[in-house]
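Below, chain A partners chain B and then partners chain C, in two separate complexes.
So, the complex of A and B:
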């Protein structure tokens, strides 16, 4: 354990260290403080969260401009620990006298449970508890939007991998063996796995139409009608689901790696039959999320086992279980019909979109709303008929993943724009430019595109953010084909499949439109507490700002940004982040590209409040504190019949140009260049921002050419990193970025959420480039070698 | 403190090969482990639960290779990274295959001996060993036996290796002409083969050697393809038609299945393409080498 004397705050410890305590919760939380399995003596001093570079000139409260403010790229407070392996991820936590939990999951996609026999498992020496649905202390179901998912399957399982029983034992291996000894008598049923059939049969979580104009009578010079399919992508966070539940006097401390602590709390407490005050959730180190940590995984299970045994219980999935234990991106089947006039201007769009939500609701409802409202992309069209379903099947549950309903339709509508351009002999950028939404235009939901500077009107026309981005490619040439390439630069890489034989180059564009923050009338807010006080000798007696929020650092750099905002607003150099936990108010989820906007906005507001108070007070007289709740502008639900409504907060755009080399004989693809132009409103931290664009683009590349959870009659066939492939450094090319700052006057610092848009646009850009190289229509992602050669999908 | 440790099991760490085979004779349940890149993954996934392990990493003699004149004897514990770095000139096919195994970390630990012991049809080492006519050196307390690699593979993950036997080395004939290895995967690196093909050309003996990976229950050869008539005396008459015919024969020798990594139809197609390319490459290289 780190020496308490090194803790920076008078009462609290900074992030990346074990959980602290104070006031009435202090005792039990201190009881719940974890040990690290790692050698604490080699761990860095987490006090290194303070900024280290230069001090500046006089302004504001302190009379200084510290370094590491908004717009700069200071080193992240947790970087050193992450790089040298000292950072405690959730899977690194350990407590004295700790038991290990394990989950028994259904091997069947659909079956009735006739009986469960736990006697043999309980009889195994070292097994402390075996629990089933009958042991759930409170409500039997939970869920992010609708509580429809059983904590443990009571009498029926509805997907392969559904939890049926949980076990706690002295070691993980024992817990696994005990789970194997639980006998479940199943009556296997025929699973429903076809989402179209399910939707047609009324088995869906949401149906959302959008209707404007009259597409059936609107005449068009050119019509393209195609069907598209998107495979089931996985978030594939490298950190497996993990956490520890620690019994304390009067309740439980849960160390969890989640995207939204308070949503977890709201779902966990009723199932445990505990008042929320008896639960304390403390954020454990998160090894990637991308939507996979929105739904609960280990939380209720480990808590049940800890309550039953009175001992700390850790759960940690292995890779195979992780693939079964979190939701995936909705696979989609989409039929699109675009009609355009002879100049390529859209006349009408009809779309039928079926998303497979799998067995339980998760966030399907919201995903369908995005798919429907963003169904035509950032283009003007007067006549629209969209029907979008989120079907209920016995496939793996699908929910949140980066892009959240925007990814699937983006692949379809961008493919359609290319098909129209082909039919009309237009350049792919030109057809997009001709249809691009401008300020004052309306989305298909009737929502007016605002949030751009009204005074900016090039050539007297309303400013079009999309045209602005498209035009910036003029100065960026497609890379030339180099001579004498090494095999690692060619499709197939070290597989040595081509030395140039069969290789053709292609170029394609993709545009993505993503809503930022939570939509459709959701009361979306974040809370920040800031305390400013005079520091001790370790801070040179200078002011120190302590920030307390519940916002999840999922790798995006949010902790760093909070410190940057505090330095900017308070002019102080020393900013200490307190651990993220449920003592803070809700921060909302690290989802929907919203955390810079929302918790960034809350921290900014709280710092501004402290700064105001500071004008009239001397810090020597005592700390100055403020808590602020930040809300974005209100949104409205979509009309259930017409889909109309100002449902979104903010819109963000990204454009990719992909250059690919395709070995057309073997069907192997090498993406050789990805150029990205993205409007981020304001680059708060350029390095982190570039990382977001690189990462989002890579996930889009994965969906384009390799990433898919393959199911067969509801069973996952590739729950491993051996067969669920994600891009390596030889698959992901170096990127060229043009970061555009068209400020949103409504948003903190003018920012636009940036994490998701690149995930939308890179996929269609890459597929367009492969079409360009091969001449094939390619209506399905991921594109597999078979699709480019022998034909049919596997 | 509790830990995620597996259940207790026997662990033997011999210091010499004779001690290793003696321990194996005494503990036939012990599974030899060198790099652990296959076995430990299987253990972690609970696909294997060995009662005991025989750690080969203390056996320095297994981590050496030696020049045997016409052949190279590669200790079964030599990692792929060294095969790539040290043997590319004399064993170009095997070195090319070694370069495609896993990631750099895996190539630093994984060994040819492990590849053989696992005997997965997708193992990258097998096709070049088949194409060059390598033989597997197997030790027991009774002595050493040699199994031609063409007789080593018996079925998916089944080999001629018997309980109590330890693979100590592989003897690979030195290249007598150009060699090629091509591996098709759905990612540009770090991927299990969808299919692979190795070709060795011996211009003097006017002989072809083939090896097919990941397209049958075992690694295969393509004898009918090896027997194709080539214009040895008039190399310029080699053309794409001949290469395509060779590709067809290789594809016909494969016995692929549909699985999550690819379809049988694609595997046959890809093998035909790879084999034609391989033959064109080795023919061109041999012609340049001897004729100009």
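So, the complex of A and C:
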């Protein structure tokens, strides 16, 4: 049984100080990269560090600078537990007298439920409860933005995998067998699976246009019009959905692995018919998230079973159920028309964007807002007509995944920029440079690009953050084709499919623009409580800071960062993280690349408050405490007709250059190099930051060449790691990073959110490189072998 | 049926009631040894990698009934300290769910090949999925661990 005081283990641990010299050097010498690039890849670009306003004093009340502060890379507080097997993930939890829950899901994408017979399941020895929609104690529906998703399907199912009944039994095996014994009489209906048709028929969660100028009369020297498609990607976190509901006096304790505890609480309590005070949510260890843990999964079901049986109930999805049990990235169909003058400067853009939201709302509304507002990327254009829909269909529900509406349009607009460059004979970087937004320019929503220090530009010109990033590739050559390669280094690898005769090399660029934090007028905030007290003998009688937040550590390194901030602001060595739970105020979600900004900002503010109080007080007289709620600057909704409005908090840019080898005879692709230049404002923890860029880049590679949930008439065909491919270590190339620090003066320490932008830009860069190698237009991701071989020009 | 196992240096007895019960299920659900992770139960992800009589296997693909009298080493017993330290120090651990399986696979690799090249590392770890890191820092960690182990008496 986990100790509630220590699970999952973000405790005070000795700080090892900055990580020792990385072994990249050795690895990269073998990769043949020149020395200057190794340096760039292993350390932030300190030449680019700009002073930040409001960054606070680095020395706190002790007058000392401890190790492991902001800007360094101390080891993570939870990492020892993660390397010795002791870290308790949600799926590792066990309690005495615990039952196992299981979910019966609809096999049909659309059907009426005529009747449900639970008698045979209940009769199975060892089965404690079988519940259906009739047993939901409170409200029948929940949802992140709109409560439209049934806890259990009442009379109709709207997607394959929709929960219909839940079972609790003595073992997981028994619970599964009992679920199989529940008989549901369905009247199967024809599913609506075409998002375009649904949108045209008025079946959509949101329609958002953007209108500026008059694209229909704006004259252009060159026009490119293409249609693009993005497949349905899955977050595929390795930790399965899991949790335990434990009945306690007067209520329930829920051990959950979620991205946002308080949003869970707000959705769970009404469905259970309980006052929120009777529920305590405690964060269990999270095995990755990437958006998949924004919507509820096991939470209400296990709570219902625990309430019914009076015993702890654990639920844990297997991989197949996980694929059905969380939302995915919206697949998209997009028609883009770009017009440019003879110099390649954009004159107008028209875009029609249809995102498939599937059966229920989830976060589709916000995803559509991002897709529409970022529809042309970081480029200047005066005449724009964008129409974006989030359609309602009987396909799997789609919602949050890293990149959140920015990924789909990025693939389209970057493909369009390359098509224009081709038509005009321009270098792909040059056409982007000519159109790059600069400080003072406007997004298509009318939002002015600010938050860059104005005096950073070369003489007379406003600073362009994108031109800055593009120019940095000048010093990073494309890796040469090595002489005398082993055939395992070619596409096909150990399959021994070629000796290189059909292998062509290609290079491509991709630029991603992502909004950071929650947009469109959302009241986005985070809360932190800090208590500073004199420690006992275990802390040498020195001051100890206790931090309490509800922020989810999903693997990004947020616990570590909280400790770094407290050390920086208070000057203390010892920082203890209290378990994340709903006793703390809301931290908002670990999503939208926002947690460093928001909960980092809250911890910083609370520490600053404690530091001020500490000036006039002696810790020997008692602890000093402060709670602070941190908000970013206010944003506005997009105008429903014109799309205009200062809807975003912060913008972040990332540029990738991909180098690929393609076997044009077999359609096999090997990405041989990914070089990334990203503006992070301020590198708060360089090692963790690099890990975010590497990981985000890998998920973009997955979308480019392998990852897609394949559906057929609403049914998922590949709900397993055998059939849904995510990049292995053999698929990933060496990644070279150049981290740029163009500070945002409005953000804590000048930071820019960093987790999502690389996921946007790596996909179009890789596809551009494959186009360069093959000469094929390639308008769909993931690119499959048959796209490269069927109809290939001879 | 009763199966006797040697797990991480200790004797263990498992009473299993299904002949097909996997070693992973026995470790996690019956014996409470949750260091080995369950992420796919299809042998695709490697999160449950253990050493069975010294050979790396996916515990989800091995029947416990086959393991009578055999030696099982999990992340707890299979991994030299320098390998763990290298993962921690190099930033090779993010969410950490893949880490126990990766550590066992790396321990096996370094036992066979004390100074592996990048291609050798990639080949050896191709059966271990990681969704967080893009693998770059895992490769760093293997080199770091190899260097540390080379400096220690073997």
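The rule is short, and it goes like this: the second predicted complex is superposed on the first by the 728 of 794 C-alpha atoms of A that agree within 3 Å, B and C clash if a C-alpha of one lies under 4 Å from a C-alpha of the other, contacts with A are read in each partner's own complex, and residues count from 1 in each chain.
Following the convention adopted for this analysis, contacts are C-beta pairs under 8 Å (C-beta built on N, C-alpha and C of every residue); 3 or more make two chains touch, one makes a residue touch a chain.
It should be emphasised that the depicted structure is a prediction, and the values quoted were computed from it without experimental measurement.
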Quiz item: Is A:94 in contact with chain B, with chain C, with both, or with neither (first, second, both, neither)?
Solution: both
Practice problem: May I ask you to decide whether A:665 touches chain B, chain C, both, or neither, giving the answer as first, second, both or neither? | Solution: first
Quiz item: Touch check for A:173: first (chain B), second (chain C), both, or neither?
Solution: both
Exercise. Considering only the touch criterion stated at the top, classify A:718 as touching first (chain B), second (chain C), both, or neither.
Key: first
Quiz prompt | First, second, both or neither for A:502, with chain B first and chain C second | solution = first
Quiz item: Regarding the shared-chain residue A:260, is it in contact with chain B (first), chain C (second), both, or neither?
Solution: neither
Exercise. Applying the touch criterion given at the start, work out whether A:546 contacts chain B, chain C, both or neither, answering first, second, both or neither.
Key: neither
Quiz item: Is A:559 touching the first partner chain B, the second partner chain C, both, or neither of them?
Solution: neither
Quiz item: In the superposed arrangement, which partner chain does A:697 touch: chain B (first), chain C (second), both, or neither?
Solution: second
Exercise. Residue by residue on chain A, keep only those touching chain B in one complex and chain C in the other, then list them.
Key: 94, 172-173, 318-319, 488, 494, 720, 722, 727-730
Quiz item: How about chain C: which of its residues touch chain A in the complex?
Solution: 18, 28-29, 32, 34-42, 44-45, 47, 74-76, 79, 84, 87-91, 93-100, 103, 117-119, 121-123, 125-141, 143-144, 147
Self-check item: Sites on chain A touched by chain C in the complex
Solution: 16, 19-20, 22-24, 26-27, 30-31, 73, 75-76, 78-80, 82-89, 91-92, 94, 172-173, 235-240, 286-290, 318-319, 486, 488-489, 494, 554-557, 687-688, 690-691, 694-699, 720-722, 726-730, 732, 734-735
Exercise. Enumerate the contact residues on chain B facing chain A in the complex.
Key: 1-7, 44-46, 96, 99-100, 180-192, 194, 196, 258, 260-263, 265-266, 269-270, 273-274, 277, 280-281
Self-check item: Of chain A, residues touching chain B in the complex
Solution: 35, 37, 94, 96-100, 170-174, 176-177, 316, 318-320, 488, 491-499, 501-502, 665-668, 670, 705-706, 710, 717-718, 720, 722-723, 725, 727-731, 784-786, 789-790, 792, 794
